[in-house]
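Listed after this line are the structures, all set down as structure tokens.
What follows is subunit A paired twice: with subunit B in the first complex and subunit C in the second.
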Partner chain A sequence: MIDIILSGCGQGIIWALLAIGFYIAFRILDFADMTCEGSMTLGGAVTAMLIWQGVNSFLAVVIAFIAGLLAGAVTGVLHTKLKIPPILSGILTMTALYSVNIHIMSIATGTSGTANLSLLKYIDDTVFAIIRSIIPLSKRDVTLVFGVIIVLGTIGLLYWFFGTEIGCAIRATGNNEKMCRAQGINTDNTKIIGLALANGLIAVAGSLLTQHQGYADVKMGVGSIVIGLASIIIGEALFARAKGFFFKLIGIAVGSVIYRVIVALVIYSGMPSDDLKLMSAVIVIAALAFTNYKNEIVGAFKKLFSRFKKKPEEKEEKSNE
Partner chain B sequence: MKKLTSILLVALMLVGIVMSAASCSAPSKPLPVVCGESGMNTDCGIATYGIDYYALGVAAGNMAADILIDGKAASTIPVGGEADPALIVNQAVADEIGFTIPQSVLDKAGSKSDTRVTRNTAAIVSSGADYTVGILQLTQHDALDQSNEGFKDQLSVRVAAANKTISFDDQNASGDESNNVTIAESFVAKNVDLIYTIATSSSQAAVTAASETDIPVIFNAVTDPVGAGLVESLTAPGKNVTGISDINPVEKQLDLIAELLGKDDVKIGFLYTAAETNSVYQVRTLGIPHCNSKGYTYVEKGISDINDLEAAITALKNAGVDAIYIPTDNVLANGCATVHTINTGK
Partner chain C sequence: MSEANNARPMLVLDNIVKIFNAGTVNEKIALNGLSLTINDGDFITVIGGNGAGKSTLMNAITGVFKVDSGSIVLDGEDIGHLPEYKRAKYFGRVFQDPMMGTAAGMQIDENMALALRKGQFRGLKWGVSREEREDYKARLAELGLGLEDRLTSKVGLLSGGQRQAVTLLMASLKRPKMLLLDEHTAALDPKTAAKVLEITDRIVGENNVTTLMITHNMKDAIEHGNRLIMMHEGRVIIDVSGEAKKNLTVEELLSMFAKASGGEFTSDRAMLS
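Then we have the complex of A and B:
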């Protein structure tokens, strides 16, 4: 049982990067960014291709980040310069990335149309294996420890970045674009930078996932938006009281871990596997309902607790009399 | 200047409309279609050498029994495959498109003996079994379901014969790659005795998850196990992994086209999904070299999804191919009925 929870945590912490990236686009920029499904696969494809070419896997993660930045920038340019609506520009980039990802993976194998690139032969070259050669940890633990360090580092860097002038400008753009422009901020640029950053992080998530699961597949990004959204919503429901950007990001990361652990437990419990997608939807709906009816639910619990508390109070009153 | 551009644009659009109308009105005689797999043949093909996914599942079940009951090592069992594919003729489609199947082909289409195995339900228990097997299937799909059923049927029979019991933890990733990893890791956490995987990416996820355990992995429905990094070679897998390749006899199927048409200089149109590694492998690695060696000419049309079918089939017809060859392909497996509708123009 503890094994499956920890393995869910390990996967969840990698997905947290995707959730945080999606959060930057979705909440900070108020931009439902569909690029996500493509840029995650892009990160995986770039990483797998580079590892095949003998590139150091840490460097591969960095290059995957840069590739993600470019993908996000394309969505940004489509939206700001060509005036294409947000969802559509994301979908267009995602669609284009499908072909791009196949081409990238084809570089490694030399045959066009490679849709699945295996890292099983290069499994000792992944970041996780390299860290394990230095620190003796089990495969699962190294994912957890390295994941937590990367996620906390990313959150720290983001906290710093969104405190700088350009970072504040990006946040302001999401809050009130017209007001921003009135202040002399070029909102086109802030949107492009924000989307680039978001997709860069998503590509890093794809890169680490590829190295964790041992292959890149052109379909690996399918459904990632739902997972990102679910993580954000669970995180926000749990950390609703959290004030400040830092704790909000921590909340998203925790939300991502919780989502993956729930899915892992659902699978572990032996529920009919055809119901898996239904279950994922139910988890998100439950989290959404919880955020919307939080006060009522908390109120109901308080009532329940006060009933238990009342009895001893009454006794005390009697004894006082 | 603006006026000129708009006039040019309108002219271009008119040319486009006229051209597309011309291509639509061109006499489109239905083409004979040969598919890579028997299920697809039922919907749109006239004849093929069929892969029986149920039989592949049975073969995988035997491998699992050899490992679990007889204690064989997976690393020493060569990768299996369809040994003797049966020739299947689809007379209904042939009649509909007005194609006469030569008598020589009809004669060869014998009835292959039935591969069905009766499941021994008594040997399958839900808990406290001698062996537990985790099954990881990528998605809900007829061929994959067949290889799942065949595996369970045959393994239950072998286990019952050895007076043991077995329990199956049957999981389906529902097409979601992230679930592959979660399911594979849950099997490792449960410390199952063997993992059976169906389809390429599920197999890769299971091999990664089980890499540091002694849990053997048996895969099925993987077209190119070496290219997917699952085994080192087909004869000597090397790691604690072996399984069944579902590669269809592409060469035999292409020769069947020549035999059906009764000539050697056939022009074959390859129709496949460009993003499916397995399809590309069948067309580029197996199909085209065979065409070159046999002197067949060919045209390739890779599609990205089912919506491209109409354009692709029209393009193949315009290219003047004699027949269409569709490899075993997941997108086209679901779109075979559409292929038939477009092909017959109904």
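Then we have the complex of A and C:
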């Protein structure tokens, strides 16, 4: 049991980067960015291909980040320069990336149409294996320790970045675009930068996930938008009182870990893994519906409760009659 | 007012035309060959009925959209081709909707810092510096709204009047070439509106900044500024300044409007009183 929870934590800490990236697009820029489904896979595909080519796996993470930046920038350009609505811009980039990802993985194997790339032959070349060769840790612990360091480092950098002049301008863009233009902010640029950064982080999540699970697959990003949303919702609910950007991001990371632990426990309890995406969708729907109908639901419960309280009185009245 | 002495033109609008939905049944000629010269130091109040083109005029000046024809020359520079965000450095703007001028989810100091960097490159330096904060505090204290102690409060927590006051401060933080106020007191209760107008007068006076203020309130239009223009169907139909403007009464203004607009006075009366 503890094993399952801890391995869930390890997965969760990698997926936290996805959740944080998605948070930048979704909450800071107010842009429900579907690109993440493609950029997650892009990060994985680029990393697996580069490791096959003998590139250092740490460098592969950096290159995956850059690839993600580009993917996000494409969505940004589609939206700002070609005036395509946000969701559609993301879907278009995501769809295009499906082909791109297959091409990238095909570079490694030399056969076209490669839909997945195993790292079985290169299992000693992943970042986790390299760290384990220096510091003697179990595979599970290395994921946890390295993951926590990466996530905390990322949160620190983001905290700094969104406190800078350009970072403030990006935050303001998500808040009030009209005001931004009146203050001389080129909102096209701030959106493109924000989306690039978001997808860069998501690609890093894909890169680390690929190295953790030992393969890249063209479908590995499917449903990641819902997982990101679920992590954000759990994190915001738990850290509802958190003040300041730093603790909000910590909350998202914790939300991601908790989500993965729940998933691990559900699978452990015997639910077929095919139903996972259905479960994630239902969790997110329930959470979103709850936030939209909070007052009604709380009101209904209160009513129900007061009815139980009143019942005895009503009976008395009836008996009097 | 010494408009005769400093007759240097600040903004020259020449024959501006803007048609919305051209060629459709919803075609609307919003600005119909409007020409207007605004001198440096002018404080112009703009009145006119609904659909007269007042807000369209402001949006044309600031570049929310490009005009169909005509030229916009600001302080000798043709700005008609510049995108909105590039024109922003010349203008300070306050909108009718108090929600519009500030970023609700950001702190007061962060909002002001955004305004201070108008027209500058935004890089990786801290978004708000310590020295700035002291300056903001002093400026907020002058408003007399107690905001100087709430520098790190989210702007979304402020009342409409407080938000408009902060927006005004932001608009004038870096002295703009022109201050453009689009019915910035219309959404406020009378007492708050009066307070915001008082702050407006002070900021305009202190900075001696050329100002264009749209208002629905004829009394305010007469009491504030040195020049009054009335718009109708996308044109300026009345332009009064100096002593003549000072001595205007609301009744005189209404009859002037009736004469100039050719009888559409009754339907618009409600909008103008």
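Everything that follows uses one rule, which is that the second predicted complex is superposed on the first by the 271 of 321 C-alpha atoms of A that agree within 3 Å, B and C clash if a C-alpha of one lies under 4 Å from a C-alpha of the other, contacts with A are read in each partner's own complex, and residues count from 1 in each chain.
Operating definition for what follows: contacts are C-beta pairs under 8 Å (C-beta built on N, C-alpha and C of every residue); 3 or more make two chains touch, one makes a residue touch a chain.
Just so it is clear, the model here is predicted, and its values are computed rather than measured.
Q: After lining both complexes up on subunit A, report clash or fit for subunit B versus subunit C.
A: With subunit A aligned, subunit B clears subunit C, so fit.
Q: Figure out whether A:Thr111 sits in contact with subunit B (first) or subunit C (second), or with both, or with neither.
A: first
Q: Taking the superposition as given, does A:Ala48 touch the first partner, subunit B, the second, subunit C, both, or neither?
A: neither
Q: If we overlay the two complexes on their shared chain A, which of subunit B and subunit C does A:Ile155 touch? Say first, second, both or neither.
A: Neither subunit B nor subunit C is touched by A:Ile155.
Q: Does subunit B (first) or subunit C (second) touch A:Asn175, or do both, or does neither?
A: The answer is second: A:Asn175 touches subunit C but not subunit B.
Q: Could you look at A:Ile91 and tell me whether it touches subunit B, subunit C, both or neither (first, second, both, neither)?
A: neither
Q: Based on the superposed arrangement, let me know which partner A:Glu165 touches: subunit B (first), subunit C (second), both, or neither?
A: second
Q: Kindly classify A:Ala203 by the partners it touches after superposition: subunit B alone (first), subunit C alone (second), both, or neither?
A: Neither partner.
Q: Going by the contact rule stated at the top, is it subunit B or subunit C that touches a larger number of residues on subunit A?
A: Here the partner covering more residues of subunit A is B.
Q: Could you tell me how near the closest CA atoms of subunit B and subunit C get once both structures are overlaid on the shared chain, in Å?
A: Scanning every C-alpha pair, the shortest subunit B to subunit C distance is 16 Å.
Q: For a test of understanding, state which residues of subunit A touch subunit B in their complex under the given definition.
A: So the residues of subunit A touching subunit B come out as 1, 3-4, 7-8, 11, 15, 98-99, 102, 109, 111-116, 118-121, 123, 138-140, 209, 212-215, 217-220, 222-224, 227, 260, 263-264, 267-268, 270, 273-274, 276-277.
Q: Mind listing the subunit C positions that touch subunit A in their complex?
A: Contact set of subunit C toward subunit A: 62, 83-86, 88-89, 91, 93, 95, 99-106, 110-111, 113-115, 117-119, 122-128, 170.
Q: Sort out for me which residues of subunit A touch subunit C in the complex.
A: Contact set of subunit A toward subunit C: 161, 163-169, 171-172, 174-176, 178-187.
Q: Given the complex with subunit A, which residues does subunit B contribute to the contact?
A: Per the stated touch rule, the residues are 137, 140, 169-183, 185-186, 188-190, 200-201, 204-205, 207-208, 211-212, 227-230, 274-277, 279-280, 284-285, 302, 304.
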